[in-house]
Every structure is written in C-alpha cells, then in structure tokens.
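Have a look at these structures, which come just after this line.
There are two complexes below, and they share subunit A, which is joined by subunit B in the first and by subunit C in the second.
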Partner chain A sequence: MRTNRLAAAAVLATALAAAGCGASEPTQPAPAAQPQSSAPAAPAAPVKLTYWTWAPNMDKIVKVWNDKNPDIQVTVSKQAGGDDAAAKFLTAAKAGNPPQLVQAEYQHLPSFVAADAVADLSAQAAPVKGEFSEGLWRLVTLGTEGVYGVPQDSGPMMLYYRKDLFEKYGIEVPKTWDDYAAAARKVREQDKNVFLGTFSSKDPGSFAGLSQQAGGQWWSIAGEAWKVAINDQATTKVADYWGKLVDEGAIDDMPYFTPEWNKALNDGKLLTWPSAVWAPGVLEANAPKAKGKWAAAPLPQWSAGENASGFWGGSAVAVSAKATPDEKAGAAAFISWLNTDPEAVQLLVKEAFIYPASTKGTQSLTTPPAYFDTQADFWQQAAQAAATARGFTFGPNVNAAYTAYKDAFDKALANKSSFTGALKTMQDATVADMQKSGFTVAQ
Partner chain B sequence: MPSKHARRTGGGIAAPYLFLAPALVLFVVFLALPIAYTIYLSTRRVQRSGLGLGKGSVREVNAGLDNYAAALSDASLWTSWLRVLLYGLIVLVLMLGLALLFALMLDTARVRLARFSRTSIFLPFAVPGVAAGLMWGFLYLPGTTPLKGVDFLSASTVLYSMANVAIWGGTGFNMLVLYTALRAIPQELYEAARMDGASEVRIALQVKIPILMPAIILTTVFSIIATVQVFTEPTVLRPLTNTIPSDFSPLTKIYTDAFVRGDLYSAAATAIVVAGISLVLSFGFLRVVKRQAFGESS
Partner chain C sequence: MKRIGLVPTTILVLGALYCLFPVSWVVVAATKTPGELFSTATFSFGSGLFSNLADLFAYRDGVFWLWMVNTLLYAGGGALLSTLVSAAAGFALAKYRFPGRNAIFNVLIGGILVPGVVLAMPQYLLFSKIGLADTYWSVLLPQILHPYSIYLARVYSQAAIPDSLLEAGRLDGASEWLLLRRVALPMMVPGLVTIFLFQFVAIWNNFLLPFIMLGDDGKFPLTVGLYTMLAAGANQPSLYNLIITGTLVALVPLIALFLTMQRYWRTDLSSGAVKS
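Right after this comes the complex of A and B.
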C-alpha cells in the first residue's frame, strides 16, 4: 500500500509537471516576456533555497544569513532525524522534488551519491577544505575526486560514567576493555539490579564507532569494485567481547533510547554509556535527576597504552543534484558560511548544541555543557577523542547493512546465539544487497 | 414531437457518462494509474557500473519477472505471512467475538448505562494507532510497566501483545457496525419469539445472529484486509524490543525494502504479491460463506 501511495504521488507530480510544461510553452514565442526575466545583470529575484535539517534552532542561525544575504534566501524545513530523514530525502530525489539543501549523516552520504541525488561541489567547496581535519574531509569526498558536502558536526566517542556510583561500588575508571569487563562483573556481584552498561542491538551507529576504534574497515574501494569486510578481525573481536558480556549476564541487553533505558539512566541503574560527544544533550533530557553526577573519560582501549576512539554520528550539509546552477552556487556559499564562519559556528554550538566539524570551531569551545558543569576539562577530553578517533569509509548501502545489524543482533539476543554468527549474517546480507542493487563487489 | 424525442435520447446517452465522470477520473488518477505504475516499477531494476558513484553510473533497466521470482522465493516473506496468519487468527476470533458479544449485550432490553458503555467500548477506536501502540508499549516494557513479572515483549509473547493492541483498538468499531445492524431488526420478530417462550439467550443465538450474518461477514472481510496490512503495531513497538524483526509482517518488509534499502523495484513486486494474496483471501472467504450469508436473498 505504501508503494501505491508513493506511486500516486509520483503520478500526480508527473501530471503537474506536464501541466507546467504545457502552460509555459505558449509563452515562449511571445518576445515581450523574454527581456524582463533575463536582461538585468544582477539577479532580480533572490535565489530561494529550502534546507532540510533536524538541528535544533537552525531557523535562528539561518536568519542571521538571510539578513545579510538578501539575494540568497534560505528556508529551514525541520525534519525528523536519523535513518528516516535519509529515506525521505532519497524518495524526494527519486520523485524529482528534493530540497536544495539537506543535512546528511556521514554514513548516509554514500547512498545519496550512489542514487545520484547530491551535487559534486568540488569547484565551489575547495576553499574551505583546510578548515577541517583530513579524516572528516574524507567522509565528504568518499575518497574520490568529488566533494559531496561540507562537514557540519562530528561525534567522537568517549566513555560517560557515573562518578558518584563508581565511588559507591569501588570502581576505577576503566582504562582498557578488560578493565571494563572486570568492573561490569564487580557491579553485578554487589547489586543485582544495577548494570555497568548495556549492549544495544538497535544502534548500529554505536557499534560501528566501537569497531572503528578497534580498527575495523567495513567498506573499502579496490579499483572499480567495493570490498565489504564487516566481519573482519577487528569487528569480530568487538562483537565477541560484547556477546560474552551479555551472555554471562555481566551487562544488560536493553536497547538505547527506549523509555526503559531512560528510566534506568535516571534511577542510576546504568553506570556507563560509551557514546559520542553529543551525549550531554541526551542525558540532560532523559536523566535530569543525575545532573553533575556524570563525567566523561576516554573510551577504554583494546590494549593498555593505546589511544584510539571512533565516531558515532555527525553530519555534513549536501546540495541536491537537481539544483540549478544559480541555486548550487548560492547553496555552496551558504553551507561554507554556516560551517566555517566563526560567527556561524559559534551559533551552531550555542543554539544547535552540536560539536562543530570545523577545527577552529572546536578550539573555541571553553565552557562545558551545563549538564557537565562539574567537569571543567570536558571539551579538552572531547578534543582528544576527536584527534584520536578513527573513521572508516562508508559504503553505498549503509541503510541495508544497519537494518541487517538490527535484525541479526536482535535475533542473537533473543536466541542467545553467538554474536560472531550475527556479524556473519550482517556481512552476507550487506553483500547480497549490494549485488542485488548492481554494485560490483570484490570477493 | 420527434425532435423532442431525439433530443431526450441524445441527452440520455451522454448523461450517464457525465455523472460517472468524476468517479471515473478519480478512480483512474488515484487508483488505476498508481497500480499500473507500481506494476511497471515491479518489472524494473537498477544497473550500476563500476563503484556506482558519480554521474551516469546508475541506469534503470528492464528486469522482466525477476523481482517477482525473488519475492516469491524469499523465505522471509513467507515467514512473515505465517506470523501474520497466526496474528490474524487471534485478532479475528477475539476481536469479532468480543464485538459480537458486546453488541448483543447492549441490544438486550434490560441493559443499563447503554450509552456510556457503547461510547467507552468505541473510544479506543478514536485513539490513533501510533498513540495506542506507544501507550501499550509503555505498559509492556519491563522498566515502565505496572504489571511486574510478565515479559510482554519476549519472543514467545510479542505476537499476542501486538494482537492485544489491535483487539483493543478495533473491537469498538466492529461492535458499532454490528450494533447498528441489530437496531435495524424489526421489534416484531423479538415479540414473536418471546411469545413462543424464547429466552434472551435463545433470541440472541437463533434470531439475532442469523439476521446479523451479512454484517458479521462484512466486518470479517474488513478485518482480514486490516490484519494482512498490519504495519503500525510492529513499526511502533520495534524500537522498544529485540524481538520484532524488520520483516515482521509483509508490509513492514515492503516498507524496509522501499525506504530503508532504497529498492523500490522489488518492493513494488512484493506489494503486488501481497495485494494479490489479500484479494484471494478476502474473496475466497466471501465465496465460502456466500451461500450461508446471502442464500435467502438471491
């Protein structure tokens, strides 16, 4: 039925487009209309751009731009975040009426490029390249010659933990994942209602970040073919580690972002959350009772002395492939300003609560988030995590891989089967989906 | 005289089409064309060259019946059908049974608080499906439920918990349909039955239910179609638990294919298959019960 509705919309859109063509054709021969629209050198009508984003208060930031740039006017259209937003943009692009500007999470950008839905900005965005770290810039070029967006924010991962309850249970902040496992067991010995952490089968983004830390490379490009290695050695190590902890009952298996999880955080039944730099906002909304009791530390390492992290989330702003040349130029100017201009980046931090992608932007952060007001070095910690975070190339079908992750790990938890098997299922489903969509996959 | 006659005949030919036109146009634009477009999409697929990145590397090509072959041989689609079949059986029996029971009870002569009961049974139907799903989700989650000790969202119970949401939401509507049909039955029939010494229960079983048959069949067909299309409950409950896969029901599978995996073509083929099966199910049911339901009238 959904397909029918989509088809109906497409048919309607085609009909309207046809009607539009029909109406404009007769006016073409009339010479009077011509000079009026094209003669003036300065564009008579301002370029109007629609911007799909879910960053809070983006309309306030855009207003600053609109006031200064009367000939490039941007309108914010607030979206729901996450995978739904990506699906919606791809559908709109396919139906022929996408917005000119779209917030694109790094993991979804390759699928936008593969669907030919976003424009190559290599000519327009080249000047801002130096504003970003090499790792982040790679996420918008996908390792090709093209530039498919300008980075906006990033999500380096840290370990968030309850200072007060760590003291209560006599736990040190874990330096390695072995320490973390030992601490998880220690908590369970003292209180059967409390867990050190939980494994979420609903959040592939978090798992991807932990795999990046371990050195996983899920997708890579080998000549003219894609390579998929979701069950590589590093990721298998991560999956085994969490599978073992869940299996012996040392940590919980409830998904993140559920009412139940919120309650556990608020009641002090969950002591840690390996999460990204945007976690303070989530904690503030869901665990208001614990304000000032959480602290951030570097992620536990796989071996002592190492220093690595991963990314969970973060996004760029991309321009639709359907944008006219005027719109494209205006859009590129706007997103370059939004993500690199000091004033705009300050506003992004203050109003939209993001961790800016721009290197200068991160250096300007001083006051810790209100929820972490007892931790003066919060941003130094974040900067360290950002500097040591490993990213990886995302493939063109992250959505399919992430769905496979949810289904496979859901099943592994329900059947108490091995996480290695779930990872293999995820790998196979991802390869099968790529082959079905006609990508060349190297074995 | 002849000219008047001719004119009337001429108008007579055009008039029916004129009156039909609005309905026909709406039917063609919003039903026939979309279906035709879906069928067209279902015979297409994308072809990519190289990495599939950059301009011109993606082409749409003819796929013949490949998408149908893939849909029909997809084990996960048939597993989802089995799941929906069990779910549908529970929902149909319990929901329609309860609806019939409530309708008959409200229709008895000595019922008190009829208006209040009727409204309160109907009220859940007015709650949007998503809101109902979330509300029940909170009631089911171990951390937030007031009913401790039962795991409503475990692999073995989740189907029943989901059916419960549908039954809660749908009983009122079906009750109202049956109740309205009951009110249309002439009172003389009951008086005659009472005079023959029939009890209220006997009247219900032997007078009311047989007369209600067409309405019961109508609500059954509606319910079969609704359960085949179950989408809201699994979609809303899925983020809350580990036990609901993305291909839980045929429609959630189509949604995942079309909007998560971005493969409109195989989703279109599956959609046609699902539409075909629901057509067979509802018309098959109608064919089986036709004689009992409408036997007397034809």
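Right after this comes the complex of A and C.
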C-alpha cells in the first residue's frame, strides 16, 4: 500500500484539481455541518491556528498579521529546530493532535507527505507560485501536482573565507576544488596550526549541498518505486575528494557548530567555510572578533568554467492534514502572506534573519549583513549562488539517511577508512530503512 | 588511622572535583559575553554576567520566568503529590496484610527496572487519546506514581513505625485514617523528605517527558525551553551565552531547596545510624 504515496497523492490532487476547476473552494469536501456559503478566505467564526516554528522573533511578525486579521488568529509556539521539530510533528500527527501550521525543512517535507501529515494546498497556494523560483517551488511540490507548503527561506551555498589571512598566506580565492586542495596544502606547509577548512561528519546537510553542486541525485521516483543513489558517481567524487584531503592531513576533521570549531574560527585557525547564505548570522554569533575579515565568493567548481552551487538548509511552512477546511483556508492565507507579502518578507529578513525564498524578497536586499559590511556585493553574490544552485528530490526517510551519514563518516574518520565505503554504508542503510518502512525501492 | 583515612579522602575529593568541575565551568562561562565565550581562557571570568542576565530575562518578553514558574509547578506539585501517594502506598504495603500484597510489591519492584524514558512515548499516545496531551496534567500525572519512592516509603515505614504502636492506637479506638495521619506520617517525615527531594530533582531535570508531551511553548519547563534556544535550527546561531546563564539561574532554586531541607536530611541520616 505504501509503495508510492507521493505518486498516489499526485494523481489524487490532479483529479481534485480537475473536478474543482475554476472554483476557489477548498479541495477537501467540507463536513455537512459547515455552511456552504462560507468563503474559504473569510470564515464565519474566527479561526485559531497554532504555528510550530523555530525562526527567531516569529511572534513579532505574527503579531502584525493578527492585528490586521481578527478572523484568523495565529499563535506561535517556538520549538527546537531541525530534525527534532520534524520528529515531534510526525509523532503529534500520528497521535492526532498536530498544530495546524508547521515549519518544515525541505528535506523533511517528503516524510510528512508520506505519512499523510500535511495537506495539499494546490488550490489555495496556486496564486503565489510565481513568487518563487522553479527550483524552490519544486521542493514543496516534490515534482507532483500537489503543493505541500509555501517556501519560506533557502540556503544557497557559497565559499566564505578569511580575506586577511588569505593575503598573509599568499592564497588566491580558489576557483575550482583542485585549487582548493592546493591551497589547503599550501597553508599546511606554512603553518602547522592552521587549516584551510574542515570536513564535518556531523552535518549531512552540508554534505548534501556539496553533492547537489556536483550533480548528485540521491533520491528519485521511477514509476511506482523509489530509486536511491546516494553513492552515485557525483557524490562518490565529492566523498573521495574530502576523504583524500582529510587522510593526507591537508584539512581538519572537526565538526561544525562545536565550541572547538567556534574557537578555531575566533583564533584564525580555520580559513574557509563552504556554507550557506545564512552563515553571516552564525559567524557573527560564534566568531564576533573576526567581523569584517570574512568575505564570500562562489563555491569552488569541479571543472573550470562551470557555475553551480547547492542548497544547505531552508524551509517551508506546511499545513496539517488534520486541519478543518476553515482552518486550512485561513492557514493558507496566512502562509501566503507571511512568505510573499513585501512587508512580511521584510520582517522575516530583519527579525528572523532568514534569506527569503520569495524572489522579490531576495531582490529587495541591498545592505550587506553587518558582519560582512566590507563586502558591498554580498547579496548579489548570494543571488548568483541561488540562481545557480542545483537542488535534488529528497526521499521520505531523510532522517535515516542523515543518521547513517553521521554514523558512517564518524566511523570512517575514527578508523581512517575510506569515505567511499562510508558512502556505501549510508546508501545501504537508507535503502534498508525504506524497505523496512514498506516503500518499494528499485535496485 | 591517618593512613587509612588518606585513601578514602582522596577518592572523595576526586569525586567532588569531578562533580563540581562542570558546575564551576557554568559559573565562569555565564560571566562571559558572546565575544569572550570562545576566545578567552576557559577559566578566566568575563565581563558580561549582567548583560547576559538582562538579555536572558528580556528574551521573548521574559519567557524564561514563565518556564521557571512552570518548572516549579511541575517539580513542586509533582513531588508533593508523588510523596503523598508513595507514603500512603508504602505504609499500606508495609503494615497491612492483604491478598495480593506480595504480587503488587513485586510488580512495583519490576517497575523500578523500567526506565521512564521507555514509557514516555506510550504515555504520550495514551494522553493524546484522552485529550490530555499538551496540558499541565500530561507532565504532572505520569510522574506522580513512582515505584522507587513507594519502595523507599515501604522500607522506611517498616523500620520506623513499630507495629505495637499501631496496635496501641487501634486499642484506643483510632480509625485507620487517623493512624496514618497522626501516627504514621509524623514518624515517616525524614523518609518522606528524602522522597520529596528525589522526586523534585528528578522532575526538575526531566527533559524527555515534557519534550514529547508539550507543544505549547508557554507550558515548557526550563529544560525544554533552554533546549529550544540551543537547537535553533541549522541556519540560526545557538544562543550559547543565554543558555549557559539560564542553566546557572536554574540551579539556584535547587541549591536553595537543598540548603533549607538539609536539617531533615541530617535527621534522616542520624536516625538511620541509631537504629540497629
């Protein structure tokens, strides 16, 4: 039965969209008790919605909406972010008491869809489709006819580097990954305490972004079955590359976001960080002393003349499948406003420190982040990275794949074994987990 | 005597250092501004304690105080109810003979072996069914029945309350309820204080149960609230200095509780020493 819920959902959505062609009624049939005349955008009784999110200061942004829309009142409940939030939402959905609105990282959305936990908003969210790039919109449709959320933020990747220390060690900004490797060796020759970069075995999101850049496609839907190709050629190339650098000691192997890493950034012991557009906030908080010394450049390429990037992070706002039609309509109106209205997007940038998904929102960014105030073209760089970033389809068990990544690469670092082997372990664990959950996986 | 005392003393001092080292780190780290946290020597004091405190109390309009009140409610209310239930159950198991007494006691012993972590998920599903998930009760109720506390209460009342005293009370015409209230409970106080403190600390530190049960951030206890500040999502910096300062402030009520309850502990220890 669970062979391919995504495909089934897509077929269902198409049928419903065809049936309700031109009408603005919600796709779900309203219960008999609901008055037929109530328009979806303005329900008779005030709708109360709970919104699980981890974006900072979201309460302030929601207050602006609540003041203007007495009929649709949203309450923010701030949760722990990332994987925890996804697991908690899935559990709540299974137990039958999920919030109506939930922030969902793009990689977790497919697991929500597979569990029938989020509503298809193809009818309500259609008007805002044009506000987002094709690539981002694909992340909320999962390549189907359905729409399972409205994009909020995105994380195109760039290479962040210490300008001042690059000058000190006589390094050019690397254009290709080969340049990057050469620079890494050059740094080590001059100073044994300094590394050009580090490979983090704790951040599968970063590795996924680098694999996207190389052209990896970890999951795809082939007819009735899922295809898993985590150890495809492109990703193997990425894993090999970093494995070799770690093995010869050209780069460090400490994980990101640890006190040790913070200290290295502060002390100038780490010169680069291939990271996403949200890096300035992290650097500002964790390495405040180096303000103005970092700069952003395009990610190094696999061959000269290419121009590609990947995504690390980013999220959408989804609506629970358990929400009533009135709640769904109100929720769709709210998330459309939140992520496309110029005032709301401005607030998201200013208060929640996100890089907005809305195309107009990214264009409205002019003043570089305070930490990068010496780089006037920061947002142009970001826009270019966003335009060239390759995404990929995420599968329904990203959690399992990411856990396997951490285990396998941790072990590879500890045993000094090959990264290709770790990648194979990750692939096998992901396939096994999908089969155990009842998905058909094409070999 | 001196030579014998040296080894245990050394071991105890090492143990104390081992326990106090992380705490002292928290105390020192709480004084550092975000800029100093990762750039100054680990055990040199910073200059930001007051700005950290001000930032912490201003965070999301003072939600930290709400979490503190919630934690006091969960830990205080939960521990009090748990102590009363344990006292009554332990007393009954120790002093009354009734069919099934040993069976109940054995089940309780088995219950001690089941870690609470394992039960959190099923409890969440059950509470969801009866519509109590995401309420104060969902965190309070599961922590009231605590097998180990009942076990302690049974052992304590068995040793501390002479059967002859209860017999004398019955001969004088006291009801069983009066015996429990006026004879048994006062004699069990030192044991009950121990149970109360155990439970209070356990609930104060409990993370998983409230994390699973609660969705509304206005009902979070400190543990879960501070965690939302730590796991702020991949693209948001963790609020390290606020979390560390919050941890330090969260220690204060616990320390205060132990200092005020100390004389009961002493009574407890000495009463154990005198008994043979």
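Points worth noting:
By definition in this document, the second predicted complex is superposed on the first by the 398 of 443 C-alpha atoms of A that agree within 3 Å, B and C clash if a C-alpha of one lies under 4 Å from a C-alpha of the other, contacts with A are read in each partner's own complex, and residues count from 1 in each chain.
Operating definition for what follows: a contact is a pair of C-beta atoms (placed from the backbone, for glycine too) under 8 Å apart; a residue touches a chain by one contact, two chains touch by 3 or more.
Computed from a predicted structure; not experimentally measured.
Of the two partner chains, subunit B is the only one that A:438 touches; subunit C does not reach it. Looking at the shared chain after the overlay, A:253 reaches subunit B, while subunit C stays out of its contact range.
Once chain A of one complex is fitted onto chain A of the other, the partner contacts of A:285 are limited to subunit C, with no touch recorded for subunit B. In the overlay built on the shared chain, the residue A:97 is in contact with subunit C alone; subunit B does not reach it. Looking at the shared chain after the overlay, A:387 reaches neither subunit B nor subunit C.
For subunit A, the partner with contacts to more residues, out of subunit B and subunit C, is B. Judged by the touch definition given at the top, the superposed model places A:399 against subunit B, while subunit C stays out of reach. After overlaying the two complexes on the shared chain, residue contacts for A:110 are found with subunit B alone; subunit C is out of touch. By the document's definition of touching, neither partner reaches A:376: not subunit B, not subunit C. Once the two complexes are overlaid on the shared chain, A:414 sits against subunit B while remaining clear of subunit C.
Common to the subunit B-facing and subunit C-facing surfaces of subunit A are residues 88, 91, 257, 259, 263. Put simply, subunit A touches subunit C in their complex at residues 50, 52, 54-56, 59, 76-82, 84-85, 88, 91-92, 95-97, 99, 105, 153, 155, 203, 205, 257, 259, 262-263, 265-267, 276, 278, 281-282, 284-289, 312-315, 353-354. Here subunit B touches subunit A in the complex through residues 29-30, 33-35, 37-38, 41, 45-48, 50-55, 57-58, 70, 137-138, 141-144, 154-155, 229, 239-247, 251, 254-256, 258-264, 266-268, 271, going by the rule given at the top. Chain contact summary for the complex, subunit C toward subunit A: residues 34-35, 37-39, 60, 121, 124-125, 128-129, 133-134, 211-212, 215-218, 224, 227-228, 230-240. Note for the complex: subunit A touches subunit B at residues 1-8, 10-12, 15, 83, 87-88, 90-91, 94, 110-111, 113-116, 120, 142, 144, 146, 201-202, 221, 224-226, 253-255, 257-261, 263-264, 396-397, 399-400, 403, 406-407, 409-411, 413-415, 433, 436-440.
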